[in-house]
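Below, subunit A partners subunit B and then partners subunit C, in two separate complexes.
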Partner chain A sequence: MIRFKIEKRKPLPGWAKIVIPIAAIMVTLILSAIPILIAGGHLWKSYFYLFYGALGTRFNLLETFVKASPLLMTGLAVAFAFRAKFWNIGAEGQLLAGALVATVLGVSMGGFPHALVLPIIIIAGFLAGGIWASIPAILKTKLKVDDVVSTLLLNYVMIHIMGALLFGPLQQPGSSWPRSSAIVEAACYPILMTRSRFHMGILIALLAVFVIWFINKKTTFGYQSKAVGVNVRAAHFGGINTTSVILWTALISGGLAGLAGVGELCAIQYRLIMDISPGYGYSGIVIAMLGNLHPVGVLFSSLFFSVIIVGAQTMSRMTGVPTYIAEVIQGMALMVMLIFLLFTEYKLRMVRKS
Partner chain B sequence: MGDTQTPVVRMSGITKHFLDVTANKDITFHLYPGEICALLGENGAGKTTLMNILFGYYTCDEGEIFIKGEKANLSAPKDAISRGVGMIHQHFALVPSHTVLEIIIIGADSGRGIFLDFKTARQEILQFQERFGLKIDPDARVWTLSVGEQQKVEILKALYRDVDILIMDEPTAVLAPSETEELFKTLRSLVEEGRSVVFISHKLNEVMDISDRIVVLRAGRVVAERNTAETNTRELANLMVGRDLLESIEKKTLEPGQPVLEIIDLGAVDDKNLPAITNLNLVVRQNEILGMAGISGNGQTELCEIIFGMRAPTDGIIKVGNSPLKFGSPASAIKLRMGRIPEDRIGTGLMMDLSVEENMILENHTSSDFHRYGLMKSKKIRQFSDDLISAYSITTAGRDAATKSLSGGNLQKVMLARELSGGPAVIVASQPTRGLDVGAMEYIHQRILKERERGAGILLISEDLDEIFALSDRIVVIYEGKIMGEASGAEASREQIGLWMSGVEK
Partner chain C sequence: MSEILDIAFVSGLIGATMRMATPLIFATLGEILAERSGVLNLGIEGIMLMGAMTGFLVTFSSGSIWSGVLAAAVVGMILGLLMAFLAVNLGLSQHVSGLGITLFAAGLAMFIYRLHFGSPTVPPIIQPFKQITLPVLSEIPVIGPGLFTQYSLTYIAWLLVPVMSILLYKTKLGLKIRTVGENPVVADTVGVNVALTRTLCLVIGGALMGVGGAFLTLAHQNMFLIEVIGGRGWVAIAMVIFGNWDPVKGTIGTLIFGFLDGLQLRLQGVGIAIPFHVFLMIPYLLTIVALISVSRRAAVPAALLKAYRREEKGG
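And then the complex of A and B:
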């Protein structure tokens, strides 16, 4: 009889950090062949158009970055919170909070000096997301309310606040749809490349990757946040004010998600609509996990996601495989990655038994 | 205990690896009917691993096991139990809300299909109690039982499952002296009926008292086998350690100075809101080690948490130096220059998933030496950790190595290095050598003595009486959250301390 046992393995060398994600993506693509074939697609053609559609033309390539920017922001938001074991499932609601505040300001700031409008909107959007995220953080630290539940439920609270405002005071005069008026010109993110939607929010997201990396790696706060995540009791024992660390972590995490909302509003939609986010906040969780909670990992996993999302459009048009396949591939990628990560710490051993 | 008898357990050529560590190497072990065989060895010598293999908890990489003449392939404890092998681990895992009777019969085959036969079971258990002196109320709930009583439940559980080969892993570690006596009586009555007992221990006197035969393990190998009647503690100690133990620790005579830690009228409750400490008063002075003896669970944990700033008491004040400690604030204890060695170094003291360096700077990463405007001065931090690693001769792959890769002794050295690096005025160490091997233990004792010479006042909380006697200038005993008595280290008698530990006032 042959049995398998799971055993702890010795730490892997440094190159594994690069090889493992690549291997995981290869395996994902191999496994994704199954649903593509079932959907009646031609395999090589489907994969060709998937990547061609995302990377093959200048417009599509830039569009992939456009799609990646909110995913990158929410991915960073979740990764930063998870690192401190603040289980922020609420990036969706924090994104909406950011978009909502940006709308209120963007619609009404016509009379302001132009140079001030965007900085104010960005700061306010960051704070809106951050404050929304700090509510569950306060509940967690003061009343021991479970953060998974409270962050998740606050998403629905925010969706309905937004709905109420869009059918009420924020509704565009004369419109019967739940949508706001357009924001003023000065509130729009500049487009950085002609004949595309490549906007300033993408730069902000890339800057955020660096800032989060810098906080994590170089600052006392990054150290404290990591310590709280690894062992909150030991961090407390060591004199760290764990309550304040969790609060600040939540504020920054929610702020990043809020900025994702500002970007979608000020660079893509220009007005608030109910479906401003197709679940970017939830995708952020998957992206953060796929990126192993590291900012650079999150950068690559958000790019991978947006390649799949953007490419699936072309694939669907050219081969008839439905775009839903994109979500199947995303889910598959996460599972494969989690399994691969498990095997960085454990190995299977075959035991022969008589 | 004749060698002429056929052994009831025969293990031969047993080898077991964990990653790079060889826990057992080519071990041959026999157990005869009607004997108490002691497995003696330091922590990490491989005693528990060997018995876990016999109990089916681990599978061995090489080797064969015969139980009652039959070759046994054990892949789970249930295989071992069905062959009559039972093991009682150091830490019991009894469901607190169950009654003794329920605990004993759940999981055992009561012969009535899916229904539990409480009536027959009760009679059977009462009969066991009679025969082996395991007095305990079958209807008592587990959470109301003391540790010693829980151990009795475990023994009854094993007997109810027809176990005739009983393995006890360091059973006396959690017991008061009087409870140990009772346990020994029970074990003797068990072997009189032809059962066999394996008694795992690293305490020499105890092994001499209870066993018929002693097998000594060192570094995963059997180094000697002796009939108890033909050996003595000195020989056993040498066999166990592989060299002569330091006869006694050298301690300079020092005059105690100013009080550095004063605990005044302290009262506290535990997590269940039951009184844990009542009206406790203590003073620790410079150049002095105050040893606090006591069986664990008598308020030491709560006391430490309060002194460490992690728990607020209901009454009383604590003064460190001359300043009051701010309760519930570990930062206050750190600021008052207290070195703190918690009993639970893995859960409370260290962050196992972080590097050695990150653990070293936990308490002073906010000092101006290590940061400017919130940016860490990584060069200085590296220098600081490298210095500590070499000053405390910590065996590690380097300051960036994951803390969880270190051995128990080195973990404790990291703990000490961090806590002593600031030259603390007062040191509170709880069970500082628990679970460590003799080498690491000696090192830590030397360090504590050095701190005493430097001028620190030390509160040493320990269950290990040898440690208390070897180091303390004064000894107090804690029992049910109260100080039972105080004696000077030079004059205290073990009998007196033992009585206080079991709550006898005199």
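And then the complex of A and C:
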């Protein structure tokens, strides 16, 4: 009888870190043929429109960056938290917290000096997401509550807080829909390219990539955060205040997700609606994993998923394959990447048993 | 007059509590089975959505509601098997594998629904389950009509609670499952197949999760909406912890949840001025509070979250 065993392997060389995600993406794209064929789409035509729809025209290319910006922020948020083994599944709720606070300020800051409005909103949105994320961090460190479950549950709490406010004090006067008034003009992110939605939030997201890379590589805190992730007990005995490190990690992680919400509000929707996020927080988990938790990796994986999401629109129009193919591909990508990561540490060996 | 109204209100509330608890009972029992064997299945939310969609789709096209239930169970089993492949056979992170299953299954459910039905302005509907009134029992004053005028799936859920307790605590298989979840090394030494036991628990657990999801589209409602599960899978995860991994205690948790859910619906109907979102929030907050108190006396299966590979015994 032939059986397979999973065994530890020698560490792979550095290039593997780049090759493996690319290989995972290729395999995912090949597997995507299955749902495309089931949907009756013509295979090559579907792939063509998937990429043409995302990259083929100037407008679509810029749209891909527009879509990538919240994904990049939530991806960074999750990656930064996961690196310290703070299992933040709550980026969705933190994003909404940021959007909510930005709305409250954005509709009411008409009388403020214009130059102050956006900086205040951005800082407040960051803090809102960060504080919302620090709740599960406090529960984890002080009361040993599992962070996966608490961050997940808090997403729903935030959705209902938002619902209560949008049906209540924040509701646009005279509207029967759960939506807020529009934010004042000074609160809108500047559009940086004509005839597009390419906005300032995209630059903020790129800046965040650099900042997170800098924190990770060049600061003591980045080192401590990593040490906590590798082994929290060892870090503790090594003299690191693990409670405070996890708390600050949560604050930064949630803050990044909060900024994703600010961006969607101040550059895309201009008013708060219930479905301001189609699950960016959850996509962030996939993006963080596919990016190997590295900020530059997260940048590329967010661009990849943005291509899929934007391209799926055109593909759907041209071939009739439902746009939800993008969600299916995300789920598959996460699983494929997980399997690939496993084989960076382990290898399959065939054994013969008599 | 007001007294009759009160009795009708109480009886209605009891009935609603039971109904709203039903999908959670299925899901919680399924999750308890998986976690007792040592695997946290975060795929639950996606498996429930897939069960809800499949149950609806099969009922819609076959006209047979029980075929829908069966199909939901089968889909749950397949996804449970996929979870087992990732988390048991390959030994990947249970957290991330489960989330992967949820993302994949949720995407797939929406994809298949859209593929089959397109985007109609009026969602298609099916002829849902009818409530069955049990003779004699339903004539018990006050509580009778609420408790014993229910859907057949609700009665099945209630039967499953003692069945699961007996399975876990009184049978040889249950002992195996618990041993695998507490100490896979010992289980392996005495000849229990760890991987097979865990796979079995994930598959059966997946079937329960699928049926729990199907209850929402085949009994509670008569249509499939994308937000139909609405976090109930995550609530079930919390109920498992709340109930200390015990089927009976977990079910008590689901009843509290069902009560608040039912109360919120009823107060909305009566026109009480509290925004209903505040009510919807309470169960989640209560669960978090419950998690705080539980974490101090947690009876977590000792091998939960730990992959088992023979070569790394004791490592």
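Keep in mind that, in the parts below, the second predicted complex is superposed on the first by the 352 of 354 C-alpha atoms of A that agree within 3 Å, B and C clash if a C-alpha of one lies under 4 Å from a C-alpha of the other, contacts with A are read in each partner's own complex, and residues count from 1 in each chain.
Definition applied: contacts are C-beta pairs under 8 Å (C-beta built on N, C-alpha and C of every residue); 3 or more make two chains touch, one makes a residue touch a chain.
For clarity, every value in this text was computed on a predicted model and none was experimentally measured.
Chemist: Touching A:241, do we find subunit B (first), subunit C (second), both, or neither?
Modeler: Once the two structures are laid over each other on A, A:241 reaches subunit B alone.
Chemist: Can A:208 be said to touch subunit B (first), subunit C (second), both, or neither?
Modeler: neither
Chemist: Just checking: does A:161 make contact with subunit B only, subunit C only, both, or neither of them? Give me first, second, both or neither.
Modeler: A:161 contacts subunit C only, not subunit B.
Chemist: Tell me which touches more residues of subunit A here: subunit C or subunit B.
Modeler: C
Chemist: Give one of first, second, both or neither to describe whether A:219 is in contact with subunit B, with subunit C, with both, or with none.
Modeler: Once the two structures are laid over each other on A, A:219 reaches subunit B alone.
Chemist: Touching A:233 in the superposition: subunit B (first), subunit C (second), both, neither?
Modeler: first
Chemist: Check whether A:10 is in contact with subunit B, with subunit C, with both or with neither, and answer first, second, both or neither.
Modeler: A:10 sits against subunit B, while subunit C stays out of touch.
Chemist: Pick one for A:250: touches subunit B only (first), subunit C only (second), both, or neither.
Modeler: In the superposition, A:250 touches no partner, neither subunit B nor subunit C.
Chemist: May I ask you to decide whether A:149 touches subunit B, subunit C, both, or neither, giving the answer as first, second, both or neither?
Modeler: After superposition on chain A, A:149 lies in contact with subunit C alone.
Chemist: Find the residues of subunit A that appear in the contact set with subunit B and again in the contact set with subunit C.
Modeler: Overlap of subunit B and subunit C footprints on subunit A: residues 8.
Chemist: Going by the contact rule at the top, pick out the subunit A residues touching subunit B in the complex.
Modeler: Per the stated touch rule, the residues are 8-11, 218-221, 223-224, 226-227, 230-231, 233-241, 351, 353-354.
Chemist: Under the touch definition given earlier, write down the residues of subunit A that touch subunit C in their complex.
Modeler: Touching subunit C from subunit A are residues 5-8, 35, 38-39, 87, 89, 139, 143-146, 148-150, 152-157, 160-161, 163-164, 167-168, 282, 285-286, 289, 322-332, 334-335, 338-339, 342.
Chemist: With touch defined as at the start, can you tell me which subunit B residues reach subunit A in the complex?
Modeler: Interface residues on the subunit B side: 19-20, 59, 73, 75, 308, 310, 330-331, 333-334, 340, 342, 347-354, 358, 361-363, 365-366, 371, 374-376, 378, 402, 405.
Chemist: Touching subunit A in the complex: which residues of subunit C?
Modeler: It comes out as residues 42, 46, 86, 90-93, 95-97, 99-108, 110-111, 114-115, 230-231, 234-235, 237-238, 241, 275, 277-278, 280-281, 284-285, 287-288, 291-292, 295-296, 309, 311.
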